[in-house]
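Note sheet for the following structure.
Naming follows writing order (A, B, C and D), and every chain is counted from residue 1.
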Amino acid sequence: QADPPKQLRIAVIIGNGPESAWDGTFLEALERVKKAKPHDLTITTKVSDPLWGNDVESAMRLYAQSGQFDIIWGHSTYSDQIAQLKDEFPDLMFVMTGSGNAPLGGNVYWNYKRVHEPAYLLGVLAGHATTSGVVGSVGTLPADDVNDEINAFFAGARSVNPGIVTKVAFIQSWYDPAKAAEYMNSQIAAGVDVMFSLVDNFSPCDEHKETVVCIGNFRDDWQRSPRILSAPLALWDPDIERLVDVWYDHEANGTPYAGNTQMLWSTMAEGGAAVASFHGRESLVPAKAIAAFEAAKAAYDAGKLQIPLDVSLPVSK
Amino acid sequence: MDALLDNALLISVFVTMLRSATPLLLSSIGELAIQRAGIWNLGVEGTMLSAAFAAYAVVVATGSLPLATVAAVLVGALVGALTSMLTVALKLDQFVTGLAINLVASGLTLYLFRSNHAVFSAGNFTGFAPVAVPFLADIPVIGRIFFQQRLPTYLALALIPLAWFFLHRTRQGLELRVLGENPKVLQTRGIAVAPRLWLIIVAGSGLTGLGGAFLVLGLSDRFIPEITAGRGWLVVVALVAGNWSLFGTITAVFAFAALQAIASHAQVLNLPVPYQFLLALPYIASLATLMIFRSRSGQPAHLGLRDIGK
Amino acid sequence: MRIITRSGPSVTWSIAVYGAAAVVGLLMTIVLISISGAPVGASLVALGQGAAGSPASIASSVVKATPLILTGLATCVTYRAGLWTVGQESQVVAGAAAAWQMSLWTTGMAPVVVIVLCVLAALAGGAALGALVAWFRTRFGISEIVSSMMLNYIVFFALAWLISGPWMASGGTASYQQTGLLERAYWLPNIVDVGKMHIGVVLALIVVIWLQVLLKRMPLGYEIRAMGFNATALSQRGVDKRRLVLTVMVISGVIAALAGVGEVFGVSHRLTGDNLSGMGFDGIIIALIGGLSPLGTLVAGLFFGALHNGSLFMNVITGVPTALVTAIQGVVLILFLIAGAVRRYRIERA
Amino acid sequence: MTLHRPVLRAVGLTKRFGSVVANDDVSLDVAAGELHCLFGENGAGKSTLSAMLHGELQPDAGHIEVDGRRTDFRSPADAIAEGIGMVHQHFVLARALTVIENIVAGTSRSGWRLGLTEARERLSRLCGDLGIAIELDAPLWQLSVGEQQWVEILKALYLDARVLILDEPTAVLTPQESGKLFGMIGKMRDRGLAVVIVTHKLREVLQADTITVLRRGRKVGTLDGRDATVESLTRLMIGGDLASSPARSSNSPGRVAVQATGLMAKGSWGETIVDDVSLMVRSGEIFGIAGVAGNGQKPLLEMLAGIREPESGSLLIGDRQLEGLSAADFMRAGVGIIPEDRYAEGLVGPFSIAENIILGRHRSKDLCRGLFIAGDRVVAKAEEAMRRYSIAAPAINTPVSRLSGGNAQKVVLARELDQASVLLLANQPTRGLDIGVVATVHEELRRKRDEGVAVILVSEDIDDLFDLCDRIGVMFAGRIVGIVSPETTSRDIVGSMMVGRAPAGGATCA
């Protein structure tokens, strides 16, 4: 048995860029974990440019061949590329995240991120906060881990307000804030007064100051607009820690890798997600909305509230 | 479709149309001047993108909206100067030059964005907010549609008659049109063509830059690589579809913006069609329109030709 | 001193001018690298190693270059004919999508049959899209630049619908915009056992040679070049312009479609929303840098394919953003354009 | 008449383009009220001289004097300021703009506002003085070629020219219009204007007060208009005598080569541009078509060449009905066409001489080998053409865009004469060419006729038609208004038919 490892070197490949919520929240969590030094490990990281497709395989291969990394963390839909490498580098641990991946098992771990639970709670809030009875959401592209939060948000709203009307739109682009603004504005015109925005643009919230309250997504963007009340937060810390544990166990104790073949994510209870602070903006919505939210959250914390997971394509209702 | 006819929604369609037409209008008026002067400038996308980038960099650095706007116009003009150098001074192929400019703009903005992540992810600024015009804004319907817009929208609308007046009622405007038809007419009267082309390209690109800036300062709260998302190309398409006439171009821009506004509003209706179809609708409808309305080409006779005088 | 136009090109002067352009390009590269804060020397070494430092990186560069060369060739043939289409992007997708549909229809047949049918379907898909642009132009007088731009968007959304609806993968994830993974037996076979050197590489080379010969030696190529310079004179001498426009657009569609099927069946093995995007526009640039000649396009495609691959290495090793290559591509294009113009002049003492 | 001291003097002007010396020590005096003609073969340097006098080109040596003052024109603006106006050899007009816009563009008379009231007044006065009737607000493309020439003259006079330089103004005018132009020139001279005119037409040269003859860039003589004769001018111009052209051959026409019945064509706005034209030409016959440009000659020839599809009518060429078929079918039937605008319609500029020689026949069996164009056969063909038509060019791979106008025309001739085995269509084949090249072209047309080919020749030059043709049809407003025999009809009658007046008694309709 070798000495327990002192150092963990992680190569990270991202798909969108640190400015995106998906990658940004992950990189922040990574820094926190580095500071926390699990198992007393010194963790070093190297983060690539946003890469897609075959380029990912080239970059991963390079990281793998360099022998300078222990974990190759592909932070997107990279199972095709990892499948080409995993058997060539059996001692390396590969991670891939999010939807669109295929389970590979062995030395490949597949981590999901679901924030549907906080989204549901914020939906409860929205169900009470809306005066028009219409809530809406604009997304980039539909996917498993996008649909879940939109559906949960609507389900939460509907749970307290069965007659509520829901509006949803996708802009089919990662990159078009101007188009995102138009789609949000269209929903606002259709009566939406609580907007769950997944498109990384909050300027329409500012424009409709009197009427609209916005919910951000994944990260706490509260500084970007005074109309942002909260957001379902993605916290990757437990995921990273769990996988670091796996790696440590493998290195220190020789436990073979056994990558998950089922989707795996940390729940809100496990710290994988949270509701962002209201930053003192509770007055944006009626007190009863806050109260209902607090009640639901308490029920969840007490294990009394089961939040349903629905990944079907959300539709306007 | 009842809901579409709903008053608030209908007004919103028009408001959206005007707002999302704004960057296209500003840029297409700038480009119209350039193309009517005979320069087949395809670098609109790159010009808008560079200006949008500059606007964001400056607004984040200084927090000043006027400064950011000026910076965007200046950067647009700078791209115009590069275009002029390549097409007027060196007489390079204008189509190729435009593509090269787009590529450089796309590559450099992305590169600078990625190299300075700390600066560019710290987006928090106040952009153009809607300004209600006193009294006029209170007119029912019309007031909501026309008089509660952002400053650049008013500017774009005001530029339409101004541009017409300039092109058709001033000496400089006439000379600009003559340049696009036959620059020799001016040359044989002893007028140096090149400096004029420089001026037109630089000024037109500055206006194009303003259009690009609006994408960041008016419609968004941050810069994202490729934020123009093909709008520069839509400007070129509007010019061609509008037959290089000012009103044709403006009509094309509004028609397209209207189709997009309808498409975005239709998504709230839960229509039984895939949402991708609604997204594609403006493009399908544009093609269909071009198939139905064929008109005599108003293309400037000297557009894209390289035998420009010294 | 005066600047005057040369009567004919001078070889020494040309070499000097293009050499100067290359040096300036290199200097700009160095400036850009230092802007990003990375060490210049190490970055350049990484760039070179990634581009051509080992058999594997050479193979990878070639695979990267293949679709660029093909879309570049699709550009050569249209631009030489004076058809300024920007629809290579959608032709690539149409080719890949048609091939995908064919693979669904033929599942279970012998791999050779499936692959051949899929490639043929791709050709048909690209041809159809090219023909559409030709039809818009000859029947409705719609400028090809406008119609091809519109078709790019329409095809993009159509693909988005296909991969999120009828073709969506039913795999590990409930919903994601991509098709399933192509069965391994139907992957394009590799020509050598390094990386993903699939037979598409050979096809691209064949197309380069064919197009070079076509343009230089064959009546159709003669017509294509003549149409690019003076379509009126050509059609008055008995050549049917509509048919020629159609032929050119179909050829370009077919070539671009090869890029699509090569990428999907040889490299990514599934269709997603973005694994084909940008290829058409890159091809336009490659063709322009290659002077709209098939051989030039081959060289430019290989060069920038290698640079692209090198930029991945550089990013991994020294952290320079990969966008460097895009920026450099544009800078090189402009420098070469300037060099081409300067080549025509000489400086004379008064 | 009294000649005043010169308003404009050129003193020892020299201009080089690379190795070409376009003007070599050329001196010239132009006096107020004088009509001064510049005469010389193509490429003699007339346009170059004019361009220097108008400040568009700067001389390498020599200088220009205005009113005895030495001046230094750095741009046309300087020349215009000295009262020198110029009408260029090729129109310098913006076709999409209106007449008045063309005239005022680039002048600073109107301030920054485009106030056209004053311009309108000035122009209507000018038009009245010169007897020009023109719609100032008409877009230029609606104007006939002649009217466009008036616009060019108005452009120069609008700027108060004292010296008016006209570079080949009559090349595009009908005889009537040319007459009218010389009438105007007379009025200008009476008002003290000096007029410098460039022309290839001897009849016009002889009307000048002074004639300066250029040859290969050098001034070879200055003649008093009263002393000059056709012979003396020709000898000066080409440095020898012109081979006399053979008389019209008397061989009798053969079988019907082309029979057109009821041809109709419509323009791009649906207007009728060829109206029920029927004609029959036999092999071994030259059929002339007289008419002012724009009266349907061009679309008629295009229909006869299969380039334009007739709205209705039938067309028999050789022994085949060809209406509705493609240009390629017409070519197979043995039709060749020398188009009006050689660079726009006949040649591919950047292509070499050799490539242009095979244009349209690049798929024929005798030029191809298998799937490929046989390079050696093309070379052989091109070399033969260069020899046969003495095309002056460095090599067969010289791009035609670098050839002079005359040599470019010879490339077209070489190809089309070879092509035309049954019918040769020629639209103004000698426009802008000097008499040397004109003679070659005429000789070739006659030779073709003698070979038994039917030739249809469109020309605005009645003299040419009378010299060459067996019969002449006159076109006006899209119709053939009469067919006459040059032997029994006078030029004046044809001239009046061309402007729409009914043929007088002498015309015989064939």
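As a working rule, contacts are C-beta pairs under 8 Å (C-beta built on N, C-alpha and C of every residue); 3 or more make two chains touch, one makes a residue touch a chain.
Molecules present, by chain and UniProt name: B, C = ABC transporter permease; D = ABC transporter ATP-binding protein.
All figures in this text were calculated on a predicted structure; none of them were measured in a lab.
Novice: B-C or C-D: which has the larger count of contacting C-beta pairs?
Specialist: B-C
Novice: State, to the nearest whole Å, the distance from the C-alpha centre of chain A to the C-alpha centre of chain D.
Specialist: Their C-alpha centroids are separated by 76 Å.
Novice: If you average the CA atoms of chain B and of chain C, how far apart do the two points sit, in angstrom?
Specialist: Averaging C-alpha atoms per chain gives centres 28 Å apart.
Novice: How many angstrom lie between the CA centroids of chain C and chain D, rounded to a whole number?
Specialist: One centre to the other, that is 47 Å.
Novice: Using Cα averages as centroids, what's the distance between chain A and chain B in whole Å?
Specialist: Here the centre of chain B sits 36 Å away from the centre of chain A.
Novice: Could you check chain A for residues that touch two or more other chains and list them?
Specialist: Residues 49, 172 of chain A each touch two or more of the other chains.
Novice: If I count partner chains per residue in chain B, which residues reach a count of at least 2?
Specialist: 114, 276, 279
Novice: Among the residues of chain D, which are close enough to touch at least two other chains?
Specialist: In chain D, nothing touches at least two other chains.
Novice: Could you list each pair of chains that touch, in label order?
Specialist: Inter-chain contacts occur between A-B, A-C, B-C, B-D, C-D.
Novice: Going by the contact rule at the top, pick out the chain C residues touching chain A in the complex.
Specialist: By the definition above, chain C touches chain A via 50, 60, 63-64, 157, 160, 164, 169, 171-178, 181, 196, 267-270, 272-275, 309, 312-313, 315-317, 321-323.
Novice: Give every residue of chain B touching chain C within the complex, in rising order.
Specialist: 86, 90-93, 95-97, 99-108, 110-115, 230, 233, 236-237, 240-241, 274, 276-277, 279-280, 283-284, 286-287, 290-291, 294
Novice: Quick one: in the complex, what on chain B touches chain A?
Specialist: 3, 8-9, 11-13, 15-16, 19-20, 23, 114, 117, 120-121, 123-124, 127, 129-130, 215, 219-222, 224-227, 229, 231, 260-261, 264-265, 267-270, 275-276, 279
Novice: Any idea which chain D residues touch chain B in the complex?
Specialist: It comes out as residues 54-56, 75-80, 86, 88, 92-97, 101-102, 104-108, 110-114, 159, 268.
Novice: Touching chain D in the complex: which residues of chain C?
Specialist: Listed in rising order, the residues are 7, 213, 217-219, 222-223, 225-226, 229-230, 232-240.
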